[in-house]
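Think of it as A, B, C and D in the order they're written, each chain with its own count starting at 1.
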């Protein structure tokens, strides 16, 4: 029997010993290569299923109440033959200097130093929507009505994620329920997190692997190695929100540097 | 049912109670929350920890491998099977949404009987009565039985249907649906047969390609296996030393593949073959490209005037020359004949012309030039529209007593001119196996709902195979949610009563049949010693695939001639000024996705519209006819008329109008009903010149304002997206 | 009839206003008793299950709640697990007969949950028992000596935070994401 | 030589000078200035309390109509809270529009009320005496409404108490860095300050009313008057308290509306995050507030026949005040537009083009006409300022202009974030319209009911002012002069 089970078997209330292993902190980062994004929306559907994001009816979408934690923004550029469109997957950028955090009156939008993420505590949100207005990326989605999951569809809801009620703000959390589960497993097994062990739902299903996810504080990670190229940019950098989502420019000559 | 308890019965009995918390009342919650433990816990079930099962996605005919995450006995997430050679751990939007089909609120629980067809008054009957009715009809019908199947019917079910029909010596099942027709599966297979001698769906490896010319092939949206082509495209864009390849896309409408391409060429509809022929001619005449290429081009190039071809296809001559040189000089150049060709009158000619480009560049498609080892498994072969017309003729002649329809919706997918519904009247018993009441089920007498693919056994031979044959396995991942029964079991039960069929199908139930089939498979990539272990590994890994063998030698193409001329369009220019471009919707495919809210509610990539159908037209055309977004237009073609909302987009040719397939259902559940319009009603039933396919891409239409408007359910701000970016 | 009752109560009160407070007290006590918001007298478990007897017989927590070390939820013992021993041991006791009934009918035992955490809170037994270095008794009290399990404390946020804020070497334990996601 | 009020002849029957020309001048002065035209205190009180008690048919009609609208406001609010915020016209880009516009508008109106009574009291402008209480009542009701607006806007309004700093077992406090928390504290202080300031001012008058009324009014006034006997000690304390309050309220007024403007200035939204928003909103508040007070003065003058109290001199002074405020507002408004127009930040050029030539142009131009063109073209002439209908017309236009100006800032600018994909246009739906109408009705209802419950004109201030006023003769002319009493 492991040392652990022996301790448990002597059945006495043991002093609340300090946790043995130190809780490591991470710099979760997402890298989206716009050269590979084909706008197929697989990430959008995967995110809906993973995070219990409700699908709104036609009437609601017409009134602008459509909720997608990640959406594909399609912009038209150029004229005539040079007519181009770019797909820009837009989701919460988990800003390190997030404009939505200071404005929330009830600490529902808080920053997690350890995970370097912007958290949205659904049960604390009272729905003033100040954060939604202050997000320049409009990445925050509001539950204008209470979501309805009809019939047995409630069976496919992911038990790891809170099903939000009406009147609550929600947003992409980098699949924080997966991050927590992977961290808990690593913590229990007493080992550091491996790169690629934590993959959000969108990165896992993206057919062209346009979305790469990892902890950029670990130099060996996929993300850290691919950052810093000429093609790298961040959306609305000039606002100083220090987002944690990096994009790689699309296009370039067919033989040019990657 | 035999005395041996199959895996499904074990699941059904064991998992009687899942741990559910029922919170009721407002007094201290502790007292009222009931915690129900299992009676007999299934062995791998740890409440709170996920278990994963491997199975196959049946949302489109490709057959990608899927692993399903289960929490407390409920399927909560689908992911790509990382080991599966086709999709390598990835899934497309339709694959991800497949889970909602399992828990769809409109799924039928138990068989239904409809007194008068089209009345939609169904009376529930139990399974014994349903199966007895089918059995008595089949027994009486003898050879007068027909099966109309779709491409997403699993191969094991196709095998059982074929054996049943062969036993009662009725003609083989007809496998045909709108998705494979719009994708041109059958036509491309026939073309490959003429070029390489083996009629199989081609698969083009892009991972190492330098230049890819795609002629109307939306391989990043819906064509053949959008996931595998996504994986290939990802590799194509990140080749070593920063090489990202050149993708050129020829299509009248700017699809998501067109906008991700490096160069998009808005060619005139129906002129793909002409352009390919012109390129061959230029390579041959100009002696371009690597050594040897010009000679083989000279052998194949059609005799045509390049200037006239340029004028007709709407591409400047110097552009044609530029593309011809790029294609000829690229070491690994691939030309992909797309689905749009299948609908043109000269589809086969165009496909051969484009395949000639591949022959010139020496890159034959995978899955065509290798002779597959004999797996001993049945494999669906798709039928042409001509076969469907002959089936309809048989029905109209009264030669069909019992018609079985599975995983296809002909009442919605076939054009009215095909006369399917009229012919249905002559068939005494129509049995539909759809899980949800769709348009065809409304015109059937008996509905024996099949299980969703996440609840049923089976195998599917993957098509297109990218070089090595793959068989995907299916297994139930949850206790069946509704009282549906696997069609395979229904057939085997019925077959036991018919002497000829009983001999041909000796198995007790589907699992017996599958165990025998799997036992016959050769050595797989994963080790499996005893037959039981091979069966278990077959389901655990999610299928069978051989160890990666060396690339098979490229088959020498047979001599074939290339002629190139523009496709014909019915409807004269004056009455019907616009070409109609029909394409399968990226999310709803050919309409089977319309029942899922996950697919209806997610915006279409190019138009960002959800829940609606639309008519795409160029701003110039819209300006001339004073049409704005959301105006309801009456679109009339020589064969029919529909009303749909306009969507003005710069991504289409001024003389062309594009309408996606998928909406316009009267049935198929609460999410699909009365939404948009069905573009198939505009199509005629004419055949293509060669190959017997449906000519769905050769229709001209006229537009007329109805004066009414609807609000478009689009996610984008039209102003912001077009002018906004420049901020002028 | 009601008016006479009303008159009689009025007379009773009018005689001495002090009785008014007596009447009010009665009404309030009645309301409290009915609404059940008074301290819960004890859970109505479907079967009399006595932890004390089990523990004295040498059965450890992990034997029945066997998922506690490998899953966020400790796992309730299945009816099959109980029958594993009680098919033979003390089979004649009424409670055990009741257990055998449930098993025969293939019905799960509808235990009433004792310790409750709202559904938007994610608590993991695995982490607390292994990395947290805690023991079942730290939170659930000395269940080994309880005839019928009683909640030792209302598991509210403040209660959890008392422990979490004491972990000086792991300040991140006060992060919202530890319990809310 | 100041003409002193000798004890034998009380102020109200001071004889006219015998020289006919001087007498004509004195008669004219008494005609123009309320405080010169003294009447016996009893008569002044009767002029106020008389019409107050007579609840005519017009009052009950107004009460029913306004009461109905207020009821629709509350019912619509309940419906919206029950159904969810989706019933409004808000969408994923514009998450704030109607109610925050009302919030800023009503806090704006509120400021003018207290500013007029407190600041003019500090500056010793005695002509403010009859206006101050009407203005303060406007403040109180406008603030009550403004306080409910953020609550109406909340998705889960039943959890509003989480925004209040109370100790709880969750060890969670409201976020002190959030402008909404500042709003909450600012409005609370301002509401309590102005209520106290008004209540103190009303005490002596309620005592007067207590003496002169009967029945339920008498019982009500005895309770409300807190036993005011009018002793010198009480007057002394009242005077010092009112002074303290009036000195205290002015900085509160400036800070509250600056805090309200920080809801917008502290954000990243283009068009909002400019440093001029503080003073710009304060001046905007005063501008719309003074307009509103003019309207309230005109309505009360008509309804309660207060011609004696609210004379041409008051309307003339308020008209001039409005004109000056219009100048300052224009300065701040174009200061806010000048810089973006100059440095051509892309997104702001889009918004600017939207206002000048886009779909929002009609709104923008009506706002400019209403706020700048009309007041500047008319208010300089005394004829307009003294004809009450004209002045009320201009004031109403100013209200419309200022409401549109805030609508442009909140509802229109919010629809144009930096990423063009998410641009959107806000279209008001029924709940917002009903709630906005209901809220306007509530403020007017509040003032009408208050004006029938308590004397709306401060009798003691008028009487005190009349006592201290005198005339001074310099050479051939007589001027109204106020001897240095305090």
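Quick note on the criterion: contacts are C-beta pairs under 8 Å (C-beta built on N, C-alpha and C of every residue); 3 or more make two chains touch, one makes a residue touch a chain.
All figures in this text were calculated on a predicted structure; none of them were measured in a lab.
Across the two candidate interfaces, B-D and A-D, the one carrying more C-beta contacts is A-D. Chain A has the Cα centre that lies closest to the mean of all protein Cα atoms in view. Distances between chain centres, each the mean of the C-alpha atoms, put D farthest from chain C.
The geometric centre of chain B is 68 Å away from that of chain D, both derived from CA atoms.
Rounded to whole angstrom, the centroid-to-centroid distance between chain A and chain D, based on C-alpha atoms, equals 48 Å. A separation of 53 Å divides the Cα centre of chain B from that of chain C.
The geometric centre of chain C is 58 Å away from that of chain D, both derived from CA atoms. Residue positions 72, 119 of chain C each touch two or more of the other chains.
Touching two or more other chains at once are residues 66, 73-75, 107, 124, 160 of chain A. The set of chain B residues touching two or more other chains comprises 716, 721, 725. Chain contacts here are complete: no pair of chains fails to touch.
Residues of chain B touching chain C in their complex: 16-17, 19, 21, 23, 27-41, 46-49.
Listing the residues of chain D that touch chain B in their complex gives 93, 346-347, 349-350, 419-424. Chain contact summary for the complex, chain A toward chain D: residues 60, 63-67, 73-75, 88, 90, 99, 102-107, 124-130, 132-134, 136-138, 141-146, 165-169, 235-236, 239, 241. Those residues of chain D that touch chain A in the shared complex are 83-86, 89-93, 95-96, 150, 153-157, 159-160, 162-163, 172-175, 177-181, 184, 263, 266-269, 414, 417-422, 424.
The touching residues of chain A, counted against chain B in their complex, run 33, 35-42, 44-46, 48-50, 55-58, 61-62, 66, 68, 71-77, 81, 83-87, 150-160, 201, 204-210, 251-252, 254-258.
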